[in-house]
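Since the structure comes first, as structure tokens, the remarks are kept for the end.
For clarity, chains are labelled A, B, C, D, E and F in written order, and residue numbers in each chain start from 1.
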Amino acid sequence: MKTAIYPGSFDPITLGHLNIIKRAANCFDKLIVCVMYNMEKNTGLFSPSERADLIRRVTMGVPNVEVDVSSDLLTDYARAKGATVVVQGLRAVSDFDKEFQMALINRRLNPQLDTMFLTASEKYMYLSSSAIKELAHYGVDLSGWVPWEIIDDVEQKMKELKGALPAF
Amino acid sequence: MKTAIYPGSFDPITLGHLNIIKRAANCFDKLIVCVMYNMEKNTGLFSPSERADLIRRVTMGVPNVEVDVSSDLLTDYARAKGATVVVQGLRAVSDFDKEFQMALINRRLNPQLDTMFLTASEKYMYLSSSAIKELAHYGVDLSGWVPWEIIDDVEQKMKELKGALPAF
Amino acid sequence: MKTAIYPGSFDPITLGHLNIIKRAANCFDKLIVCVMYNMEKNTGLFSPSERADLIRRVTMGVPNVEVDVSSDLLTDYARAKGATVVVQGLRAVSDFDKEFQMALINRRLNPQLDTMFLTASEKYMYLSSSAIKELAHYGVDLSGWVPWEIIDDVEQKMKELKGALPAF
Amino acid sequence: MKTAIYPGSFDPITLGHLNIIKRAANCFDKLIVCVMYNMEKNTGLFSPSERADLIRRVTMGVPNVEVDVSSDLLTDYARAKGATVVVQGLRAVSDFDKEFQMALINRRLNPQLDTMFLTASEKYMYLSSSAIKELAHYGVDLSGWVPWEIIDDVEQKMKELKGALPAF
Amino acid sequence: MKTAIYPGSFDPITLGHLNIIKRAANCFDKLIVCVMYNMEKNTGLFSPSERADLIRRVTMGVPNVEVDVSSDLLTDYARAKGATVVVQGLRAVSDFDKEFQMALINRRLNPQLDTMFLTASEKYMYLSSSAIKELAHYGVDLSGWVPWEIIDDVEQKMKELKGALPAF
Amino acid sequence: MKTAIYPGSFDPITLGHLNIIKRAANCFDKLIVCVMYNMEKNTGLFSPSERADLIRRVTMGVPNVEVDVSSDLLTDYARAKGATVVVQGLRAVSDFDKEFQMALINRRLNPQLDTMFLTASEKYMYLSSSAIKELAHYGVDLSGWVPWEIIDDVEQKMKELKGALPAF
């Protein structure tokens, strides 16, 4: 059985992330979507566990997906889970270098762990969590950008934090 | 069972290709390495079936690898083989755009077929079949560039074609 | 009155080209779509005048578009036409360098002529005339890739040239 | 009448910006140079209205240029102004991805609004507002980098903020 | 006699930096490795003079290398030292634009000063000081990433700062 | 004494090449400008020895420059000449990948040989030999693109070959 991990900050999950999740789940027996966070960096719109809850809600219909939260080093986490593949989405050439570097570092830290890249669907090529937060800040309707099940959560959270939020 | 296809011209197979093959074979239940060719373009150092023979020789130890030759459209070929994933190696940013375009076209032609990219190992990042032919032309020792099992074949073929070979 | 030129080989025009034409026509008072060719390079699926005919057919509904054919240097052609802007579509980062270089050369040859770039629509980001010829070669249905008005022409032309066509 | 918008932070305006303004003003009937700012991010060397004043001073000789300040979403601002084109300067490949993403998002938010890119003049290809602030910090003579009319303002402002200025 | 400068933040020096130093020292008569810092930005794992000490320790065996610390503008520093070349390492395409811009600015500030780029060795292509700090944070063994002579220093410093360290 | 090699096809030498030659000659004790050619590829506007003659004519004033012609493998040639550095000009990001690959291959073939890159001057960033041949084909005045000493030669050669020249 092949287990893959799709790590990220998912703050919040976008339709682009969801598209990668569905396609990756189709390629492997099991896909763990893992919200990775750094305990010493408390920034973010949603807390890590809130982010995981949002992901769970929108991936309920995908049977072989498991959602998790971790502050471990990705390669340690993968080893503990018995995963052999890391999945990453690539949107544009500027993603490429950073992800390439991460993939090489991770393979060095854990030679049994390989990184596979999926290209973003052209419909979601311009989507990022930070773009969504920027748009939400201006009151733009988020349908078509984030899964409909979580639009209210994002808009509600933006309202709460407005004024209190540092530059994102 | 997940079947993946690793298509290419493999003229000839390099240590970089072999590295991708071994890693991709580790990620999927079955990997078909397919020499794709265009019947109307007869260029190449080796014929498509010769290239497949060289690949077979160097992948004999990888149990879930199958080697094939085809002049079909990749998406048609994948459908016929029941494959759901195309594997591509990415060496550098200049590969990125072309492969990205191919991945988007292929997903449009066959929505059940997804492309996953593996980054080349840093050791083989600079390897390409055309670089190898260029080096062979200058009589450079090919060990460390192509699998040792096929070095004689490449050197022999270069000798035969010398003078008769157009610019590569 | 601002006149812009959209130069290219358009062999044949794609839905991506048509998208750029409509958007550019919306930005300037007049848009000249010009099939540029080099008299000494007779390659191509369609002849320059055939390409212009295809463009005329699919842009009939756009009032401020004029279609032309020229083998002149682009900057000379623009001067003769009184155009002050060259329009180019950008699909991907690999287009960028070449187009950037052309834009700098053209501004040097004719300081009154500036180049403006439009990003391809995400739907057509992966479309190119050569990809279309490749797909037509494999008998892929071209609707969704080229304007419907010219699909028969492309398929007919491919049939005629099959066997006689060198590698494209 | 075609109205274009050239949005930016312009903190402060450089000779590169001025070059884009003059060329864009030549391509459209009216060009609005708009200092866009985020009310919740108070960083910056000059305040938004100070930046607009500097722009006004150096564009006085360009008849069809209007200078404005706004904290609205760009697409909303453009709609209110009846603009159909956003103009952006492209300096290098690293600008490309971010601007490309913005252009796609903006077209989605306002399908009537298109983004056109002008390549920076080779003379100003390496100019950015942050490079200028870095150089001013070291006391470098700014002529040849920012319009001469505002050199004193930049040097004066740098002196005032020295010590009080966080890392830029 | 040709003197070259290799400037950087070196916080801390990596095996990738050391590789560039040895190769650059082989190309010029004298190489000054200079820790450049901005007095108003006190961030960093090690202080500038600590960083220089670490560099001295690992370059002791390279005879024509001198280590220095400076907060001057690079072009002023080079002039004072009589250096005619700045050496930079290039790891990936994303380094390229920034370094290219710096090289053009520096040549303009000091036409006698030229920048030469060395490509990172493929073994160290993925190495950066910030990646190393990230890995040290997770307790990863640093051998193979930083010179063995300074591993204890980095691990010790990380322990001291843990908790007190802002996000890096 | 440090000897560097600047290899290329130089068909013909441009002002961009000349700019790199002068700057590289300033960085090393001796610079060999070498026209590299492949005996089996007879394409080109000028023959290799004609190209070398043109280079000699325009570099007469640079004392430490030597001009040569070779069909050897670059690393073999460098070894025979006792050179330790290869110099390459970088114009744009698209040059980067290819040159990076060549640099890694060459260092592997000859570990004593390192490649250093100089960024093109912004004035010559868009210059290439093939652009010049394209412009000469259209009768564009070549001053400002190639050294004045060789303009007549290029124009004369273009006239001779007109009609006989395949697509360049």
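Note that contacts are C-beta pairs under 8 Å (C-beta built on N, C-alpha and C of every residue); 3 or more make two chains touch, one makes a residue touch a chain.
Just so we're clear, the structure is a prediction, and the values are computed from it rather than from any experiment.
Engineer: Provide the labels of all chains in contact with chain A and in contact with chain E.
Structural biologist: B, D
Engineer: Note the rotational component of the Cα superposition from chain C to chain F, reported as an angle of 0 to 180 degrees in steps of 5.
Structural biologist: Roughly 120 degrees of rotation.
Engineer: Approximately how many whole Å separate the CA-defined centres of chain D and chain F?
Structural biologist: 39
Engineer: What is the distance in Å between the mean C-alpha positions of chain A and chain F?
Structural biologist: It comes to 48 Å between the two C-alpha centres.
Engineer: Distance between chain A and chain D based on Cα centroids, please, to the nearest Å.
Structural biologist: 33
Engineer: Counting only residues that touch at least 2 other chains, which ones in chain F make the list?
Structural biologist: Where chain F meets two or more other chains at a single residue, that happens at 92-94, 96-97, 100, 104, 122, 125-126.
Engineer: Taking the top-of-page definition of touch, could you list the pairs of chains it picks out?
Structural biologist: Every touching chain pair, ordered by label, is A-B, A-C, A-D, A-E, B-C, B-E, B-F, C-D, C-F, D-E, D-F, E-F.
Engineer: Would you pull the chain D residues touching chain E in the complex into a rising list?
Structural biologist: Interface residues on the chain D side: 92-94, 125-126, 128, 131, 135, 138, 140, 144, 163, 165, 167.
Engineer: Would you tell me which residues of chain A are touching chain C in their complex?
Structural biologist: 92-93, 122-123, 125-126
Engineer: Could you list, by residue number, the parts of chain F that touch chain B in their complex?
Structural biologist: 38, 40-41, 43, 72-73, 76, 93-94, 96-98, 100-101, 104-105, 108-109
Engineer: Inside the complex, what are the residues of chain C that reach chain D?
Structural biologist: Touching chain D: residues 2, 23, 26-29, 84-85, 90, 93, 96-97, 100, 103-104, 107, 114-119, 121-122 of chain C.
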